[in-house]
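First subunit A sits with subunit B, and in the next complex the same chain sits with subunit C.
On to the complex of A and B.
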C-alpha cells in the first residue's frame, strides 16, 4: 500500500490533534493579549485537566460530567495560583527571568503530579460510544467529533468574552496600551490574573477532551504546551483565529509527515515548522498585532 | 539564605568600573589559590566528583554568560551545543580512534560551526521568540540524536569513551579530573576577561543596552550577537567533550531542556553581566542538585520550588543585589570618612 492511501485517515487524526493544539495556543494567546507574558506552564494545565478528571472518576468515583467540571475548576484555581505565586511577584522582571520562572512552575507541576498520581500513563473512557464510525473509508471516533465541537464552542465563547464584554475589552486594552489602560482605571494585574484563570480553564478542557484519545502522563504537558505555542506563532501571534488556524495546520502537517518520514522524527516536525516560520514570516500566516511592539 | 549571603560577600560587583577587570588582581589569585587547595584540604571523593560536575556546569554557564549576560539574548538551546561537543568527542575517539586532546578541540570547532549555521537564521529574533526558536533547535537536536542510530547509537548512546589524556598522562582519578576541568575553566575565564575588555566585549554590552543605539554608533549588531552565540557554543563544546571523557558515555538524556534551564538559572542567579557570579552559581546549584538527589522522587519538585523562590527573592542575581547593598554601605562609610578628612 502506498503512503497516499493513508492520507485521508492521517489528515483526520491530524485535525483532531490540531484542534487540541489550537486550544492550547488559545490559552497562550489569552494570556499574551492581557499581559504580554508567555506562560510556559500552559501545557501542564492540559495534563492536569486529564489527570485530575481521571482521579475524580476512578479514585473518588464521581460521575463523569461532575468530575470533569470539578477538574476544570481545580485547574482554574491552579492557574490563579501560578499567577499569584510566580508571575505576579516577577511582574517587573525581565524576559529571561519570567521565562525561567514559568518553566520552573512547569517542572514543579509535572513532577508534583508524578508524586501525587503516579508515573503510569492514564486514559479516560470516551464520552459516548466507543465504536468508530466509518465515513467514506475513514474511521472517525465519536470522541474526535466531540473535540472538534468543543474547539468550535470555546472559540465562539472566547470571541464573545473578548469582544462583547467589558472585562474582555479591558484585558485587551491592558496589553495593547498599558498606559491608557492605567489611565482608564483598569487594573492590569487583575486582568493578567483573570487571563491566567481563563487560559488554565481552556487548557483543562482541552486535556479532558483529548485524554480519551491519547494517553496522558505526568510529563506529557511540556510537549503539548510547546506545540500549542508553535501553533499560535504559526497562525499569527496574538490572534485567536491565528491560534486556531495554526493549530489545525500544525496538527495536519505533523500527522501527514508520518506517511513520508520515519515516525521517530514526528516530534521534530513542529519545531522545523517553527524555525521556518520564524525565519521567513515571523508574523505568522494571518499576521500579528504584536510583532514590532515594545516587547518583541 | 545565609550561605547565599556569605557567597555574595566574595562575589565581585558587576557595577564596578570595567577597567578594573583588566588586571589579574589579588582577588583572582585568592580564588585560584582556594580552588587549587580545596581538593587537597578536603579529600572526600564525593567532593571531587561534585566539583568536577560543577566545573563542567561552570564552563557552560561562563559561555552562556557571554551571550545571555553580556549581550542580553536568550538561548534555551545551550544544552544542544553541549551535546554536540560530547557526541563529537564520543564519535571521534571511539570510531576513529583519535586522541582525546584532538577531539577536545574538534568538539569546540564543531559546536561553534553548528552555532554559526543556526545562529545566522534565528538570531534576528528577540525575547520570547528567540527563546522559542533556540528551544526548538534543542528539541530537534534531541530528536535527531535519538533517531540517527548509525551515527549516535540512538537512545542507548555511545559507550566506552576513553579517559582524557595528554601525551600519555591519563586523568584517571576525580582529583586529576578536578585539576583538568578547573584548569580549563581558568583558561576560559582569562579568555573571557580579555574578550570583555576588548572592543568586541564593549560591543556586547552596547548591544545588550540597546540594539538601536549600538547600530547607530556603527556596531554590526547581527555580527556581534552571532559572535557571542558562537563563542558560547564553543565553550559548551569544550564542556561537552570533557563531560563525555569523564562519564565515558554520551546519551541523549543528559542534553535536554532541563540542562538548558539549569544553565540559564546559573547565569541569572550569578548576575547578568558578571563573569564570576555564574561560576559561583554553578557550584551552588550543582551542590544543591547533588544534595537533593538523596530525596529521589521529591528532588525535582523541591528543586523547582527553590528555583522559583530564588528568582523571586533575587531577580537580578544573588551577586548583584546583595553586592549593591554592600557597596552602598561601604561607600557610605568611606564617604563619611573622606568628608571628615576634608573638614579637618
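On to the complex of A and C.
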C-alpha cells in the first residue's frame, strides 16, 4: 500500500484539526486587531468553554443547548474580567509586559480550574449522532462537520463585525492607528475590553465544539493555545482570513506528514513549517497589517 | 482590665488545646511509627493522588483505632511534591534524614520515582512505589525500593491468556511512546509468540499528550485489513486510551479492542462513551468488588474496603485506592513482624519476608530478589458493557 492511498482520509482529519486551530487563532487575532496585545490566556478560554459546559451539563443537569449557551456567557464574563483585572491596570505598560501578564492570567485560570473542577480529563457527548458517515470511502463524524460549520459561521460573523459595524471598525482603528483613533473619539480601552469579550466567546464556542471529539482538562488550554497562535502567525498575524488559512495549513500538513514520516515527529512538523515560512515570508502567508511589508 | 482579657483568651483557647492534646495522650506514651508520603498532590495527577492519600489516611486511622501496631500508632507525614522533580527529591531527602521516619511512600510519576529510588538506595530507607513500575528501573534490582502494583510482565501474561481464551491468532499492538508501554508491548509479543499468537507491534506510536490518534490509525487501518488481525491492542494509559477507541470506531474499524489494566477506571469509560463498549482487559480485583467469586479469599477484603470508601468518601474502591490500602496494611504487617526493634533495616528485611499477604489487589509475596509482589492470578478479566465493568470468565483461564 503506497502512502498516497491514505491521503483523502488524512486530509479530512487534518482539515478538522485545522479548523480547530483556526478557531483558536481567530481569538488571538481579534484581540491583536483591537489592541496589539498577544493574549496568551486564549487557550484557557477554549478549555473553560468545554469545562464549564461539562459542569453545567453533568453537575447541574441543565439541557445541553442551555448549558452550552450559559457556558459561552460565563466565559465572555471571564474574558471581560481578564481585561479589567489584568490588562486595564497595565494599559500604560509596553506590549511585552502585557504579554507576560496574560501568561500569568493563563496560569491562574488553569490552576483555578484544577481546584474547582478537579484534574481528571472530561469529555462531552457528541451533539448529534456518534456513528461515522461514509462518504466515498472517507469516514466522517457528524461532530467534525459541526466544527467546520462553526468555523465558517464565526469567520463570517467576524467579517461582518469588523467591516459592517461601527464598533468593529472602531476596534480595528484603535490598533492600526492609535493616535487617529484617539482623535476620532474612540475609547481604545473600551475597544480592548470588547475585544476580550468577543475573543473569549469565540474561544468558548471552539471549546464546546471540540470537546466531544477529544477531551478537555485543566491544562489542555496551553497546547491548543500554542497551536492556535502558530496558526495565526503562519497565516499572517492580524488577519482573520490569515488565521483560518494558517490553521487549515497547519492541521493538514501535520496530518499528512504522518503518511510519509513516523508519527512521533508529528508535533515537530508544525514548528518546522512555521520556521520555514517565517524565514522566507516573515509576514505570514497572507501578509500581516502589523508588519511593514516594505521592510521585507 | 488587661488581666481579664488574658483570662478570656486563655479560657477560649483551653478547649482547643485539649483537642490537640487528646489523641496523643490516649496512646500511653508509645512513639508513633512515622511513614513519609511524597505525592503529586498538585499538578496533573492531583485527583489520582488525592485518592491515594484518602485511602491511606482512612486505613491508617482504622489501624490506629484497632490499637495500632503493637501499641504504636501509625502516623503519615504527607508532603506535596507538586509534580516537580526537584521538590520530590527534596522531600525524599528530608524524609531520609529525619531519623523518625522509617519508610517513604511515593512518588507516582516515572522520572520522579527514578530519583527517589536512587536516594532511597543511598540513604538506606525503604521507598514504596504505588504506580506501575518502570521496567528499566526494576532491572536495577534496587534493594530499598518496592513495587506494589502489578508489573508489565504480569499484565502481559494475563492479556496473552485473554487472547488464547478468545482464540485471537493475530494481534496488532499500538503502543504509547513511553518506557512502560513499550515494555508492555515487548512482553506481550514475547509471551504471545510462545503461545503461537502472531503479534505485530506497530511502528506508529503515540504520546501521552496526543489528543488525536486518527492519522496513526489511518495508516494502521490497511495493515489491519491486509493481515486480517483478530484484535487490536491499545497499549496505553490515561486519556489516550479512550481517544484511541473513539478514533478507531470513527474510522469504521470494527475489530475487538484489548487493553491494559490502566483502562480499569471509571473516568476512562466517561471519556470514551459508547466507543468503550466491548473493550476487554485484565485488571486488579478492586475494579469489580461484587463480581468476585464467593470463595475468593480476597473478596471479603475488597468488599469491606469498598464499603468503607463509600461511607467515608462516597466513591467506591478502584485500583489506585486498592494499592494505597495494600501499602498501609503491608507496612503494618511488616512492622508487626520486626518485633525485636523497628529500624529501617529490620523493616526492609521484614518486607522481604512477606509471604502470602492478602491485600485487596492480590496476594503479595516478596523476597530479597523479588520486589514485585503480585502474579497474574491477581488479575481478573474485565469487559466494558453498558458503560460498566463486567467480569468475564473463561474455563481454564480464570
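Simple rule for what comes next: the second predicted complex is superposed on the first by the 289 of 296 C-alpha atoms of A that agree within 3 Å, B and C clash if a C-alpha of one lies under 4 Å from a C-alpha of the other, contacts with A are read in each partner's own complex, and residues count from 1 in each chain.
What we mean here is this: a contact is a pair of C-beta atoms (placed from the backbone, for glycine too) under 8 Å apart; a residue touches a chain by one contact, two chains touch by 3 or more.
All values derive from a computational prediction rather than experimental measurement.
Legend: residue contacts after superposition of the two complexes on their common chain; A:150 is shown touching neither subunit B nor subunit C. Touch criterion not met for A:78: it reaches neither subunit B nor subunit C. Using the contact criterion defined above for the overlaid structures, shared-chain residue A:232 touches neither subunit B nor subunit C, since it reaches no partner. Residue contacts after overlaying the shared chain place A:262 against subunit B and subunit C alike. Contact with subunit B, but none with subunit C, is seen for A:93 once the two complexes are overlaid on the shared chain. Applying the stated contact rule after C-alpha superposition, one finds that A:13 touches subunit C and leaves subunit B untouched.
In the superposition on chain A, contact of A:34 is made with neither subunit B nor subunit C. By the touch criterion defined above, A:279 lies against subunit B but remains apart from subunit C after alignment on the C-alpha atoms of chain A.
When both complexes are overlaid on chain A, the residue A:114 reaches subunit B and subunit C alike. Under the contact criterion defined above, the residues of subunit A that touch both subunit B in one complex and subunit C in the other are 114, 262, 264, 267.
Within the complex, the subunit C residues that touch subunit A are 42-48, 177, 203-207, 209, 211-212, 214-216, 218-219, 222, 226, 238-239, 242-243, 249-252, 267, 270-275.
The residues of subunit A lying in touch with subunit C in their complex are 1, 5-6, 9-10, 13-14, 17, 114, 118-123, 125, 130, 132, 134, 139, 141, 213-215, 217, 219-220, 223, 254-255, 258-259, 262-264, 266-267.
Subunit A contributes residues 38, 85-86, 89-90, 92-93, 95-97, 99-101, 103-105, 107-108, 111-112, 114-115, 222, 226, 229-230, 233, 262, 264-265, 267-268, 270-272, 274-275, 278-279, 282, 295-296 to its touches with subunit B in the complex.
Only residues 68, 74, 76, 121-122, 125-129, 131-133, 135-137, 139-140, 143-144, 146-147, 257-258, 261, 264-265, 268, 297-298, 300-301, 303-305, 307-308, 311-312, 315 of subunit B touch subunit A when the two sit together in their complex.
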